[in-house]
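Look for subunit A in each of the two complexes below; its partner is subunit B in the first and subunit C in the second.
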Partner chain A sequence: MNDVARLTLLDRVEISAAWLLGIIWLMPLLYAFWAGFHPPEYATRLDLLAPLTLENFAEAWSQAPFARFYLNTFILVTSILIVQFILCTLAAYAFARFEFWGKDVAFVLVLVQLMIMPEVLIVENYSTMSSLNLVDTIAGIGLPYMASAFGIFLLRQTFKTIPKELEDAARIEGCSVLQILWKVYVPLARPTYLAYGLVSVSYHWNNFLWPLIITNSVETRPLTVGLAIFGAPESGVDWSVISAATLLAVAPLLVAFLLFQRQFVQSFMQAGIK
Partner chain B sequence: MTGAMDKNRYLPLFLVTPALLVVVGLFMYPLGYSAISSFQDKSGAWTFANFEKAFDLYSLDIGFTVLIVVLSTVAIGVLACATGGYLTLGENPRAVAVLKWLYRWPLFIPFIVAGQLMRTFLAKNGMLNNILVSIGLLEPLQATSLLDWRGIVITFVWKQTPFVALLVAGAMASLDRSTIEAARNLGAGRVRILIQIIIPQVRQTLLVGLILSFVTMMSVLSVPLMINAETPTMMTVDMAFRINSYGDYGVANALGFISYLMAGSVAWFYLSQGVRKGERP
Partner chain C sequence: MNHVYGWLLLLPAAVFLLAFTHYPTVATLMQSFFSESTALRPSVFVGLENYELLAEDEIFWKVLNNNLWYAAGTIPTSIAIAILMAIWVNRRLPGRGLVRMAYFTPTILPMIAVANIWLFFYTPEIGLFDQIGAVFGMPSQNWLGDPDLVLGSLIVMTIWKEAGFFMIFYLAALQSLPPELEEAAHLEGAGRWYFFWRVTFPLLMPTTLFVMINAVINSFKMVDHLFILTKGGPDNASSLLLYYIFEVAFSFFDESYAATLTVVLLVLLAVIAVGQFVLMDKRIHYR
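Coming up: the complex of A and B.
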C-alpha cells in the first residue's frame, strides 16, 4: 500500500490547510512574480491563460542603472560583513574569555547599541560623515554599522560554549592568541558565522533610510534607494515594471536563501539566541 | 614574568578596542549629542521647544507609531508561537514539511520590497481585492484600500514573523521532548502543551526575537512611506520630512530621542527580566 492510500481524511485536510496557509502567506511575493511575468493589463487580474512575458524586466533594466545598483550593494554588504567579522570576533573573544577593567561597562555599551537602531541617529551620523568627507560614498553608508552589537553578542554566546581545554591545548602547542582564535574558535563557531553573515547581508541589502539620506548619486546608491526612486508614484512607471524591478532587486537574496536555507536554519538553531 | 602578565592584562583591551571605538564614535557620541541637541535651540541655549513642537505637530503620529508597533509585535508573537508550535507538535510530517518550507520566504525580502509589494497588492484595485471579487467573497463596490494602518501592520507582521518564528522554532526543537511526551500521554491537547509547557521554556528566546523586531519596526521608514505617508503616520516619516523639507534637525532629534526612549524601555524590560532571574545578560 502506498503512502497516499494510507493518508486519512484528517491528514489530507491538514496538508491542504498547510498549503493554503503557506500560499496565503506567500501571496504578496507570488503576486510580484505574477505581475512581473505578465503584460501590464493582467497586473491585477488573475487569468491563468494570460501570456507570459519578459518585457517588464527589459523595461525595468533599461529605465534604471540596475547593474550599478547591484555593484554598489555588493561592495557595501561585502565590506560591512568583512569588517564586522573581524571586529566582532575580536571583541566577542575578549568578552567571552577575559576578565578586564571596564568589561561590564563596555558590554553594557554594546547591549545598548543592540537595542537602539542606528537609524534614529541619522542626523548626527550625517554630520559626522560630512566632517569625514564621506557623504555620498559607500564607506559613508557602511561605517556606522561596522561594529555590530548583534554580532558581538551572538559570537560571545557561542565562544562561551567552546571548552576552555581546547584553548589551553592550543596554547601548549605554542599558538598565539590570534592563532587560537583562527584555529580553535572560528572553525567551531562556523554555524554562528553563517547565521550572522546571512542576517547581516540581508539587513544591509534591505537597509533604506540611512542610504537614502547619505547618498545622492547613482555611483553610490544601493538597490533599495534606486528601487524607491524608480518606483515612486510620480515616476509614472506601471505596476508590472515595478514588480519586475522589485524581483530584480530581491532575486540574489532569494537565490542565496534557496541555496543556503538548510545551513541557515540549522545555524540559527545551533546558535541558540537567548 | 611581569612583562607577560602586563601583556595579558592589556590583551583583552586591544581585542575589544577597535569595536568599542566604532561603538563610541559612531553610536554613543551621536546618541549623546542628538539627545543634547534635542534640548537646545539653534543658538545652543537649553530649551524644551523642540519637544513642545514635536508633541504639538506629531503627538498623533507618536501614538500611532506606538500602536502600530505594539499591535504588530503582539501579532508577530502569536503567529511565531503558532508556527513554531505546529512545527514542533505537528503530527503530519507532510504538513509540517510544507509549512516549514513556506513560512521562511519573507525573511529575505527587504522592507522596501515588502512595502512595494503590499502597496500594489493591498490597494483598492489591487490583486487581493480582485481575487476576493473574482471568487465571490466580495462585491466590487465593497472593495476598500488597505493602504492605511492595516497595511503597515500586515506588512510588518508578514516581514518579521519568519524571523521570530525561526528563533522560536529553533528553541522549541532543542527542548527535551520527554515533558512533551509525558503531557501527551496524560491526554493534554496540542494547544495546551504549547501554551503551558513549550512557550514558558522558550520565553527568553521569544522575548529577544520580539524586542529585536520591535526595535527594527520602530526604525523602518520605507513601509510607512510607501503604504501610508499621510497623517497619522509613523515617526520615521516625520523625521525624514523635518530634515528633507525644513532642515529642522532640532525637532528631528527630539523625535529620535522619543523613539529611542521607547526602544530603551523595551530593552530595560528585557534586561530586568534577566536580572530578576539572577542571570547575566
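Coming up: the complex of A and C.
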C-alpha cells in the first residue's frame, strides 16, 4: 500500500476515463452556457473568440413573463414545503410515539403513496380539483403533494431514535403533547428536515406533468411549464434564446447545488436509502 | 387517551392522503367499469367493455411495449455506469470533488430543461450527435424523427439523467464496506477485476436491488421529456404508458378509457411493490 503515490499506466487510463466521463456528463450544461452567452450565429459552432453577450437572456426575459413564473414557482415550492413539514411532523410523531387503534393498518395505508405517486392519478385528481374549483390555481398544483408518505416515513424513523427520557423529562416539566413535539423532537430532527427539505424543493421546482395539466394561465404556471411552452419548436425561438431561458429556469437550484454540494448529495442519499 | 392523541395527530395528513391518493385510486378503478358520459348520454355501467377495448387497442400494446424496452434499455446500463462512477469517485482521483459534481449535476436539473438541450443535440445536421458523426464520416440521422432510432435516443438521454443519482447510493455502499476486505484480497494476490466480481459486486447486491426498483418506477413515471422531444411520435414510436394516459384524458377527453389505462399502470406498480417486498425479505447482506 506504500506505492499509492506512484501512478501506473492503468491508473492513468482510469483517471482519464473518469475525467472524460465527467466532461461528457457536463456537456449538455456546458453547451447551454455556450449558446446562452454567445450570439445566435455561434450556437452551432465552437469558436473561442466568439464575443460574449447577455442579449439572449434579455430576449428570453422579454418574450415570456419569467418574473411571474419565478414568483409562481417560489410560492408553490415554499407553501408545499411548509405544509409538508407540519403534516408530516404531526403524523410521524403519532406513528413514532403513540399506540393507537389501527396504527399498523394506517401506516400501511400511508406507505401506499410511496408506490402510487400523485403523477399516476392525474385523471381523477383533475376531476377532484375541478369539483373543488381549484383548476388553474397554485393551491391546485400543491394539494396532492401536501401529505407525503415519504416525509412521514423519514421523520418517523428519526423520531424513533430520540430517547424517550427526553420526552418524559419535558412532560414532568408540564409540557403538553404539542409542546413536547415542538421543543424536543423538532429541534433534534433538524438534519432530517434539512435533507427532506432539499429533496422536496428540488422535486417541486422541477416538477412538470401535474402542473402542466392543472394550470392554464400565466398567473399560475410555474417555471417548468412556462419553459416548456416557451421552448416548443412551433414557437420559432432560436437555440440561443432557448438555452438562455433554460438557464434562467435552472439557475437558482443549480447555484444552490454548487454552493451546498455536499449537503445536496447527502440529502438525496439519506432520502433515498431511508 | 393515546388513541385520541394518535388519531388527532394523524388526522390532517390522513385527510390529504385519503382525498388525493386513496379516493382517486378507488375512483379510477370504479370509473374503468363505466362508459364515458357525454352531453346526450350519462355514464352507465359497462362491465369489462373498457378492458375489451384496451385489449384491442394497438396503441396501448405499443406504448406498453415501448415502456418495457425503455426500462430494459435504461436500467442495466445506468446501473453499470453508476457503479463505475462510484468506484472511480471512491478512489484516489485528482479533482475528485469536481468529477463527482459533474456526475451528479443531471440529477438536480428538471427533465424539461434537460430535454430542451438534448433536443438541440439530436437535431439533424447541426446537432451535436450529427456533428460528431460527420467527423467520422457518418451520414446525418433524424434521431427523433426515425421510428427505429427515437426510443434509443430517449434511452441515451435517460441514462445520462439517472446514472449520477444512482451513483450516490453505490458510493455510500462502497464507503460502508470494511477496508480490510480489499487489503486481504490484495494480500491474497487477487486482481481488481476478480475482487470486484467476487467480493464488491455481491456485497453491493442490496443497493442494486434498491436502485433497480427505483429505476423501474421511474421508467413508468418519467414522461416529461416526451412533451419537448417527441410528443410520443413518430407514430407513437416513443410514447410511454403515462404519456398515453395523459393524451387520452386531456387531448381525447376520454376519462373512462384513461381510467382503464391508469388501472393497468396501478397494477404494474402494485406488482413492483409486491416484488420489492418479497425480494427485500430475502435480502442477505442488508445492513
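The criterion applied here is as follows: the second predicted complex is superposed on the first by the 237 of 274 C-alpha atoms of A that agree within 3 Å, B and C clash if a C-alpha of one lies under 4 Å from a C-alpha of the other, contacts with A are read in each partner's own complex, and residues count from 1 in each chain.
Note that a residue touches a chain if its C-beta (ideal position, glycine included) is under 8 Å from a C-beta of that chain, and two chains touch if they have at least 3 such contacts.
All values derive from a computational prediction rather than experimental measurement.
> Based on the superposition on subunit A, does the combination of subunit B and subunit C result in a clash or a fit?
These partners clash in the superposed model.
> Could you say whether A:W34 touches subunit B, subunit C, both of them, or neither, answering first, second, both or neither?
first
> Can A:A251 be said to touch subunit B (first), subunit C (second), both, or neither?
So A:A251 meets neither subunit B nor subunit C here.
> Check the residue A:A169 against both partner chains and state whether it touches subunit B (first), subunit C (second), both, or neither.
In the superposed model, A:A169 contacts neither subunit B nor subunit C.
> Scan A:T224 for contacts with subunit B and subunit C and give back first, second, both or neither.
both
> A:A58 in the overlay: touching subunit B, subunit C, both, or neither? Say first, second, both or neither.
neither
> Who does A:L259 touch here: subunit B (first), subunit C (second), both, or neither?
Neither partner.
> List the residues of subunit A that touch subunit B in one complex and subunit C in the other.
In subunit A, positions 14-15, 17-19, 21-23, 25-29, 31-32, 35, 44, 86-88, 90-91, 93-95, 98-101, 103, 106, 109-110, 112-113, 115-125, 128, 143-144, 146-147, 149, 152, 177, 202, 205-206, 208-209, 212-213, 224, 227-228, 231, 239, 242-243, 246, 249-250, 253-254, 257, 261, 265, 268-269, 272-273 sit in both the subunit B and subunit C interfaces.
> For the complex, give me every residue of subunit B touching subunit A.
9, 11-13, 15-16, 18-31, 33-34, 37, 90, 92, 94-96, 98-99, 101-114, 116-118, 120-121, 125-128, 130-131, 134, 158, 166-167, 169-171, 173-174, 204-205, 208-209, 211-212, 215-216, 218-222, 226, 236, 239-240, 243, 249, 252-253, 256, 259-260, 263-264, 266-267, 270-271, 281
> Contact residues on subunit C for subunit A in the complex?
Residues 2-7, 9-10, 12-17, 19-25, 27-28, 31, 81, 84-85, 88-89, 92-95, 97-114, 116-121, 126, 128, 131, 160, 163-165, 168-169, 171-172, 183, 186, 210, 214, 217, 221, 223-224, 227-228, 242, 245-246, 249-250, 255, 258-259, 262, 265-266, 269-270, 272-273 of subunit C touch subunit A in their complex.
> Which part of subunit A faces subunit B closely enough to touch in the complex?
11, 14-15, 17-19, 21-23, 25-29, 31-32, 34-35, 43-46, 86-88, 90-91, 93-95, 98-101, 103, 106-107, 109-125, 128, 143-144, 146-147, 149-150, 152, 177, 202, 205-206, 208-209, 212-213, 224, 227-228, 231, 239, 242-243, 246, 249-250, 253-254, 256-257, 261, 265, 268-269, 271-274
> What residues of subunit A sit close enough to touch subunit C in their complex?
Interface residues on subunit A, with respect to subunit C: 1, 4, 14-15, 17-19, 21-23, 25-29, 31-32, 35, 44, 86-88, 90-91, 93-95, 98-101, 103, 106, 109-110, 112-113, 115-128, 143-144, 146-147, 149, 152, 177, 202, 205-209, 212-213, 224, 227-228, 231-233, 239, 242-243, 245-246, 249-250, 253-254, 257-258, 261, 264-265, 268-269, 272-273.
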